[in-house]
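You will see subunit A twice below: alongside subunit B first, and alongside subunit C after that.
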Partner chain A sequence: MERVIDSTPVESGGRTEPTPKGSRQRQRRLPLIGGVRLGLRGKRYLFIYGCLLLPLLFFAAVRLLPILYSFNVSFREWAILSPDKPFVGFANFASLFQDEVFLGSLRNTAVYVIVGVPGQIVAGLAVALLLQRITVLRTFFRTVYFIPYITSVVAVSWVFRWILMKNGVANGILLELGLDPQPFLYSPSQSIFWIIAAMIWQSIGFQMLVFLAGLENIPRLYYDAASIDGAGSWSRFRHVTIPLLNPVILFSVVIASIGFLQSFTQVLNMTGGGPLNSTNSIVLYIYNTAFKSFEMGRASAATVILFVIILAFTVLQLKVLDRKVEY
Partner chain B sequence: MKKRPILAIAAAALAFTLALTACGNGNNKPNEKADSGNKEKASNTQTAEPPKLDPNAKVTIEYWQYEFPAKVELINELITQFQQEHPNITVKQTNFPYDQYNQKVATLVPAGKGPDVINLYYGWLPKYVASGYLQPLPEADFPAAEIEANFFPFVETAKLNGGYYALPTGVRTLGLFYNKDLFVKAGLDPNKPPATWEELVTYTKKLTELDDKGQFVVEGFGWEPGSQLHHWFRDGLLYQAGAQDTSEDRKKLLWNETPAGLEAFKYLIDFAKEHKVGINGFYTDDANAFKTGHAAINVDGSYRLSSIKKDVPDLNYGIAPLPSYKNKSTQASFWANAIPSNVKGDKLAAAVEFLKFLTSKGVQEQWVEKIGELPAQKEVALQDKYINDEKLGPFIAQLPDGRAHFFIDETQERTLFVEAVDQVLLKDVPIEKAFEDLITKTQKLYDDYWAKK
Partner chain C sequence: MSKTVSAGDVTGNSLGAAGTKGSVKRRSAAVSAISYLLLTAGLAVMVFPFIWMIATSLKTPQEMYSLSLIPQLPAWDNYKALFTGSPFGTWIINSFIVAVIATASVCLFDTMIGYILAKFHFHGKKTIYLFILSTLMVPTEMLIIPWFLYSSKLGWVDTYWGILFPGLITAFGIFLMRQFMESVPSDLLDAARIDGMSEWGILFKIAFPLVRSAIATLCILTFLGSWNSFIWPLIITQTEGRFTIPVGMAFFSSEAKDSSNWIQIMAGATVSVLPLLLVFVVFQKQIIRGIATTGLK
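Take a look at the complex of A and B:
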């Protein structure tokens, strides 16, 4: 920014350098408060800061303040329609930890992360490795794999729901093969894994792209050196690819973890959290508490808990996974 | 060098996450102001004088209802008619998706920006009134005695603290939808729908069609606990079996007061468990299964008529009153128009005029013809042209037996019901135990609600 200003001719005799403090020009140039006229440079400053400030204000008003405010809400009994919002201390948190449905949603969210994150990383990496080896039709495959990622989540969820419904395509295939039809989304023990499958399928494209970029950045040199030393393909993958891909893996794990911790749209559209709350996630619990039961206090308390979990999780991942790589 | 960008990205991702998880709460802020505002309003609405509209004043009022295309369209037409009769009043319609309705009210009404006439689901009224958002309808314009003489009895659910807070234009009841073609195919008389509990079971067994692998081709009964079955149970089956939903003061559930309650619950579950004539999730839900000819009989509301007409105009189906047992009973429900407590002066007078218009005979006739919701006034509904209507008739015939049960929390009460049913079906929990658990959990919702009063 400094450079831009310095190289710009100013109205006062074409001088290009801002003069030091105390000079007459400085007073003319600076945007002064209280009706003093602004010079061209002053206007420029005003414009630049204005451009920078407006989004910041917007961000603060629309994002930051509500976040801080939700901490306040979490300590109140805040039924959306009731005129009184009394302060109740930790009562919302206490009631959450006695609520079977909430505890269940915590457990389910853990399953989403524990199963979903490795699944997503492995699938994305596998596709990336395969794509890296082909040259013909590479762009085509990359595009095809990326399409699910930019498709509406709601639409994809419903397509999965239709495929997996009792008389859907999946059961049709099983029956054709002479196998027993499955309850899929209507089984408390199966449904969460089908939702995770849908989530993985949809995000493969994103992970693939990130990994492809990471793989491109690994110099061929290392592979050649490893080959000369007699390393096989697994050895090369294990001792060259994986360590050098570590920063990318870390990024992918963090992004995927946050995604799975926030499982919502697929759950809402595929099962609504059922059967018997077996797929209910924290975010769906928050949504139902806030916008179906209108208990904003409890919902905010659950939001705060989710915030703490995500924060702890991310810090932990940075500590554990982000090791220095020796070249 | 390696660490920084990752940290930065992670931090950015985290910030974004926070923003996402917390954004839902941003809407509540204006609520703070509600405290003082509402108390003020509550005190000056009790003594409301009959409002008089200054004939020279130009007034603009706002009408809110949820997004339902047919209703939005008709209201626009009605507004044109109304404005011709009242050239000095302009009515503006605003619509919100069903899900956002309560949020909008809670944020905009205290800020003085809400509607002048608002359309609300009857089950929400207790919460709205308790929160001070509504004013009682002026007695001079809407005398209680007149309402009770003209409207069907269940409209009394809109009477709270001794006064009426809202009035419906149209109402709905549950009825039996049956596919005539499938009746003929199963060798049943398409003009003789099942009229008793027993007949319903026999019929649905005959109507069920399985393929050679034992999979449903046609369900005899569209069995979907998450749809209307909960309402059918509470306002239909319970009373038909001789039980009651709640005590007079609405504080205690009476489902297990007599064995009749369990009998009703078992009757409902047995369609899936014993008779195996229907199952949840078949063609996604009951309404869809019925529309596509994959469910022969379905319990659904009169509001489904218009969507069937639009989506599958050629479906050959009939309507019958709900099968009865010891008594007749059906669920009735309605959306009603109310006036928020901050509407005063000319706007109040105009709102009253508009509300009178919306509940008038002429509008109720247009409402039933265009929307398919039943007229809320006896005089309008019980006209020959509607009673003898093949589709509307059975719904209207049931209006005198209609009951509109009290809600604490529609979503939670329905979820508990669905869970109880799932416990029996998926986990083989004995029906008696699932039923007792359901009552205990639902009663807790009621206890918590009343404890706060």
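Take a look at the complex of A and C:
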């Protein structure tokens, strides 16, 4: 509809000033209409670009320039107080890859992703599938499972830290059951998995909602058809639910991987990266390097590495995501 | 026959349940009993941290380590001590100010841009949209260092504006609102144009009201996001008087942990979780719909 108005021939008629005399009759009528429409069109463009000007400046200043700036800083030795910031090429990157703490944070981040993403997806999908099988209290269950997702990560991290204390309630329960108390967050081999557990606990609700919506979009017909063909409930799940849910699963995987690649808040609040850097993540490393030891150059180099990893993940997953499932 | 029926118990249909009614009933009863059992077990895991948080916050130091869920006598004074002994009140107010301004700005600008991108044809529209969307790919961590360097040059460190500025317009909100604006009929907008309404009038008096439930969803999601955001406020605020509640909570807890004053920490956690729970209880529908919509698009 708009396009019709925008491209009315009247507009070009209104614009032609030296008109042939023969069309005098038409011209007397045209300036009015043409004038009004031209005005409208001009006003509309003014409105469009007027609305967009401020936001575009905002995105340029707050998103685009900082990225370029980040790349710039990553090639410099940039101590925050020193007046000159010499260009050092790839020295920051080279030194990062010789830094055992950074390499450790890369490895830990890999663990966060490799353990966390499947854990989160399976847990979310399981809850969604169970919710599909019940009728009474469904909304109630859905609500309660969702609550952790909206609560403050910092607060929840401290609650988990308290629960998993040496003499906290988790060990209290283990002792009551006659089992050995566990070191939980104090153990370099266990702590990362408890942090992952806390992260999964907090995002089950989100995954559940996404899966519930996805499951509702699968036509009942397919299940009925599969059943008539003799499919049991496992093979219905394997051959109907999973393939048709594929786009939703991949969406969830993308979101979850980006989330786990950026592990920070829980790590900082539950262990501070310890014990012995066993839970340190890339983002925590960046935070410490930039805002504790103020080595902005090295920290920026680490953000560039993180950026490349996230980009690669997203592009790879979107490629897979693009494969459409035929109904 | 029985196979058709078992499809019914999975999908919730009762298609052709005539034949083997008894066994099907038993089976579906078993399935739903197991489902309830598993869901309830999960429910306990989801709820326990909250219960333990509230329980601990109401205990006395003597019973801090006891395993009982219910404190002998709820020590409400713990909360009094929290608010008098620490700036938790200030932090809540700070969070509230920041969240309200961010929400207002996001809802205004994102809806406006969503409307422009959905309902107008103009040069460079696609480029602009792709540019805005592509900023979603950049992790915040990459931006915080430049933001901080800018802010320290411009004197924005430790100010409300400093906390606020990165979140005044969001690509996510634009994406969301564009989806909803597409559903607004163009004929309606054109009718208003023919009646002589100005473009601003159409935007605020026709387009905005038509998508008000989507705006509500965006508002709530933005408010929650702002209330919980941690890494940027952590970096940009430096004095206790400027902390938002997550930053204050982290600061307060790491200061207190050596004296093992978990009661106060749990009272603080409760205080920082409760306002959100209230928001959630009131706006549950919008929140859940918003997440489900964005998840699928």
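FYI, the second predicted complex is superposed on the first by the 278 of 327 C-alpha atoms of A that agree within 3 Å, B and C clash if a C-alpha of one lies under 4 Å from a C-alpha of the other, contacts with A are read in each partner's own complex, and residues count from 1 in each chain.
Keep this in mind: a contact is a pair of C-beta atoms (placed from the backbone, for glycine too) under 8 Å apart; a residue touches a chain by one contact, two chains touch by 3 or more.
Being a predicted model, the structure only gives us computed values, none of them experimental.
When both complexes are overlaid on chain A, the residue A:292 reaches subunit B alone and has no touch with subunit C. By the document's definition of touching, of the two partners only subunit C reaches A:228; subunit B does not.
In the superposition on chain A, A:188 makes contact with subunit B only, while subunit C stays out of contact range. Contacts of A:81 after superposition: subunit B is touched, whereas subunit C is not reached.
When the shared chain is aligned, subunit B and subunit C each come close enough to touch A:310. In the superposed model, A:206 lies in contact with subunit C only, and not with subunit B. Counted by residues of subunit A touched, the larger count belongs to C, out of subunit B and subunit C. When the two complexes are overlaid on their common chain A, residue A:135 makes contact with subunit C while staying clear of subunit B. Residue overlap on subunit A between the subunit B contacts of one complex and the subunit C contacts of the other covers 62-63, 65-67, 69-70, 73, 80, 162, 165, 167, 251, 258, 261-262, 272, 283, 286-287, 290-291, 296, 299-300, 303, 306-307, 310-311, 314. Of all residues in subunit B, those touching subunit A in their complex are 2-3, 5-7, 9-10, 13-14, 17-26, 28-29, 31-32, 34-35, 37-39, 99, 102-103, 105-106, 127-128, 130-133, 213, 215-216, 226, 279-284, 409-412, 418-419, 422-423, 426-427.
On the side of subunit C, the complex with subunit A involves touching residues 3-4, 6-7, 10-13, 15, 31-32, 35-36, 38-39, 42-43, 45-47, 49-50, 52-53, 56, 65, 67, 109, 112-113, 116, 119-122, 128, 131-132, 135, 137-150, 165-166, 168-169, 171, 186-187, 189-190, 193, 198-200, 224, 227-228, 230-231, 235, 245-247, 249-250, 253-254, 262, 265-266, 268-270, 272-273, 276-277, 279-280, 284, 287-288, 291-292, 295-296.
Against subunit C, the residues of subunit A that register as touching in their complex are 1-3, 5-6, 40, 43-45, 47-49, 51-52, 54-56, 58-59, 62-67, 69-70, 73, 80, 127, 130-135, 141-148, 150-156, 158-160, 162-163, 165, 167, 169, 172-173, 176, 201, 204, 206, 209-210, 212-214, 217, 220, 223-224, 226-228, 230, 233, 236, 248, 251-252, 258, 261-262, 264-265, 268-269, 272, 283, 286-287, 290-291, 296, 299-300, 303-304, 306-307, 310-311, 314. Those residues of subunit A that touch subunit B in the shared complex are 62-63, 65-67, 69-70, 73, 78-85, 161-162, 165-167, 171, 175, 181, 185-188, 247, 250-251, 254-255, 258, 261-262, 272, 274-277, 283, 286-288, 290-294, 296, 299-300, 303, 306-307, 310-311, 314, 317-318, 322, 324-325.
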